[in-house]
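What follows is a set of structures for review.
One chain, subunit A, links the two complexes that follow: it is found with subunit B in the first and with subunit C in the second.
Presenting the complex of A and B:
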């Protein structure tokens, strides 16, 4: 017995010296970038091709379908108004439907599921068991969500504008886009869409991390964003929509009860949103570093 | 030779902290290794709110196959998850070959974990599944392809590499997860019930693979509740009960306990009373009890081999109609009960 033990002991000692042969290069920024890109690649596939993506396509496609129906079955000419009024009507469609509702819920769906969805699918441990800093994971996942929402809602923004203008007033629209303010308006809307995805994405990434059932906080946030026009100036600033609202190319009337404040200039709005996003990603990373996996409770 | 198994029993409630564990490293190799070359649990406790996961665990795990054994809910998976950083200890410290689970970049180059969660990305093939996560490690495309092929070959899944995992049997999915956990050639492999769902042939192959990995100097920490598998493959065992390590040491110690532990066998037959009377003539029959439906007999014996010879003789002599003969408690729970109770579990 003892001789067997000795042999085994020697064998183990020899083998212990031979383990740890898995010498990967020390963690560097290039390695972390490669890891973040790998996470993004995997997540983009999920965002565009998984079952969950179906709802995102429905949300993003809704205005295109509605405006196509409007183009196919236009209202009587006297109700249609003039081409000059179309910018105002589109601003209302964009602000009320696309920005405040569809981009809001689209981002909620994508970003809340970045981590919550993995917990529900019991697959988060695969990431947590890889030699990746969890901060890299947060960044990779966030950027993948951003890419998916920006691509889809940019298509929604540009597509809805084209459908709305061209199908009803093709010749005026051609002049509007090629010789008038159409292109700059479209780019401005596109910019607002991108910033909305960045801002709402950050908010919902955090909500998905901190709430097991994020539907209720998402509903409360939706209400908060909608009553923004009623809020006093200080509280208005604690919202995403306030900063986006000041960037839309055609200002929208907020009704007779709105508390009027000076719009925040773009040079403050854009950095504020980006700074807010940075802070949220920092908080999310801190939370993820301490996160435990206990699927049984979910 | 040092005692091969040490036990520390406790009757503490599972929801209250107990006195410190006294278990120490019992295996000879462990004693000669530094903590840089060991998996170390130092006074580790984990509570889920007020519920105890594991309490004041002190362990030093050396290379080779170490089996964590215990009934469901005993704390095996908690211990494994603590080792991998999926859970954070409420108190105490875990280190794997000198690295803390809080340092994932260093830790998971050394460690692979095959969990029991049967989840895969939708629509992924076995190859894609392994490649996905190797790319997350930071390997290049070429390295990833080579490591994936090697891992699939190790678990005999090369032919099925490009089939969708969702179409695999449970055993094949288990092997895919195993391949994923060993693909990056870790030094430490943590396997949560890795033999579940495998057919006997795959089970034997997998045990052989574990043995090869252990012989190459790897640390394998395996949870299992199938006693003979633990016996066959392990170098040492850690017995866990209600969150406490009740015994640890070389597998031989447990084997001895098993041999001393009377085995209960259920014989379904037409005349259990007759059978009981004859079996009691055998000196190693400890107990015979007639089944509630009076169509069977529970027999406890210390010498199952002799018992089966005797049974054959009695059946022939008495012309008994036998429906089935099966071990009634040949599982770990029975041995646990034996080890953790005061009359059976003395050191």
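Presenting the complex of A and C:
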């Protein structure tokens, strides 16, 4: 009996010590950083290796398959087969397929599942029972989703560009990338991809936290992003795609019905998206502090 | 009360005839479905376009109303096959939204809560269980697609007279068949996804993704390869071809591109590339293939027990 009570006293003392340590601001920040990284590590495994990740790989792999097919079976005309047209064609593929559809749905899948996935798996309470501040949990999970989407969609962006250029015109492409505008274009596309993951990720994290059935807001958001070219200038700015389009290195025509607006300069677009992400994460953190788990109905 | 203290007696109520047993499932499921305020709202919104179409039909035959609104009858949409094709397209798009909301939890909830043995230990076969679940979707979608479509058709016939009815009698079959093909496809697809993914939210997301991602992918394929065969990847484009076929408005050539080839011997050569839609039988084959895969998935997943490794 005495040994059990000793152990209990020791553990209580240890807890008191750890609490004392945690209250010091510097140590508290380092502890929170370590906790966020620990959550991130756990979540990264889920994002990359779970069964749900299969769909993400499928989405991210689509452009690579498509452009490999294009390289193997090029169309019989010059319109798409000349090097001069390649930047325009890639811009259309990037804007129409990769950015608007694949990154959008990929981010929706990953970020909405960060919390909704835990609810449907009935495992969120394990996180909530751990001695981790819920804000730290939000940051850790967001960073893990961000890492997964950035890695996969960066590979998609760069890989599809390389396949498209180098397979069809190896020597011209080598000059374009090493002596011409190719590298800067590639980096710009990569930057847009990363910003898209940051922006859409934050939106879908919030949607996953606030809505029990996030499909309806996701569908509405998709519609809103698609009709962005029809919107008046003020409403255009209430979307992620407007800022991303402003940063794309090869601008595309949005059709005869588009309402033309001056693209937002990069020094406004990038900080705006980052600020927006910060606000969304703050809101998510505020929401999760009051969150009560109800597994019923999911 | 503890379970062992319960007394079990034989069922003494009315017994259902064997063929109608599956209807018990939609009876309870529909009660659940209409408890959702959101779904009731969307369900009501589904009737806005039929209302507009009915007003259009009415205006065509009411000279007083036309004079009052100062509209020439020639300015109104003609009430013909393309009018009803547009009706089917709009209503089937609403039907898809309803399916995304209603269908995913139908099987996934039973599977994730291990409730399937409770159904299948009763005199209900696996096929009847699936049929019952399909009936929920089919009943709801019928209410917003072919039923209002046929009502508008008969409304137009009553105003335009017997001659119009005889000349357009074939359209009854077109409205019904085009809606039913879509309804059966959606019902099978959504139930297969629901049984495969088990989680309602994930199943809804997958259903939405299966609709939008292939559509964008198909369009890019069409534009890159200068073809229209990319439409076969997109469910919406494939079904639209079938609908056009059923309404007699299908045309294989939907455009052409003036191509240019630079040849070292002949310099520049110009030629026209006809953009041909896939033949109708290929579209039917694709839809039949998707349905067959869905049935196979349902047969695999809907079991009273499963071995978990």
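The criterion applied here is as follows: the second predicted complex is superposed on the first by the 266 of 298 C-alpha atoms of A that agree within 3 Å, B and C clash if a C-alpha of one lies under 4 Å from a C-alpha of the other, contacts with A are read in each partner's own complex, and residues count from 1 in each chain.
Here, contacts are C-beta pairs under 8 Å (C-beta built on N, C-alpha and C of every residue); 3 or more make two chains touch, one makes a residue touch a chain.
All figures in this text were calculated on a predicted structure; none of them were measured in a lab.
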item: First (subunit B), second (subunit C), both or neither touched by A:292; value: first
item: Most subunit A residues touched (candidates subunit B, subunit C); value: B
item: Subunit B versus subunit C as contact partner of A:116, first or second or both or neither; value: second
item: A:34 touches, of subunit B and subunit C: first, second, both or neither?; value: first
item: Contacts of A:279 with subunit B and subunit C, given as first, second, both or neither; value: neither
item: Touching partner for A:230 - first (subunit B), second (subunit C), both, neither; value: neither
item: Subunit B versus subunit C as contact partner of A:238, first or second or both or neither; value: neither
item: Partner chain in contact with A:70 - subunit B first, subunit C second, else both or neither; value: second
item: Partner chain in contact with A:93 - subunit B first, subunit C second, else both or neither; value: second
item: Contacts of A:219 with subunit B and subunit C, given as first, second, both or neither; value: second
item: Complex contacts: residues of subunit C adjacent to subunit A; value: 38, 97, 100-101, 112, 199-202, 204-206, 208-209, 212-213, 216-217, 219-221, 223-226, 257, 259-262, 273
item: Residue ranges of subunit B in contact with subunit A within the complex; value: 1, 28-29, 32-33, 37, 48, 62-64, 81, 84-88, 97, 104-113, 115, 117, 119-123, 132-133, 135-138, 180, 184-187, 215-219, 235
item: Interface residues, subunit A side, partner subunit B - complex; value: 1-2, 5, 8-9, 11-22, 24, 27, 31-32, 34-35, 38-39, 41-42, 46, 49-51, 121-123, 125-134, 290, 292-295
item: Contacting residues of subunit A [partner subunit C, same complex]; value: 52, 55, 59, 62, 66, 70, 73, 75-80, 89, 92-93, 96-97, 100-102, 105, 108-109, 112-113, 116-117, 120, 213-216, 218-219, 222, 298
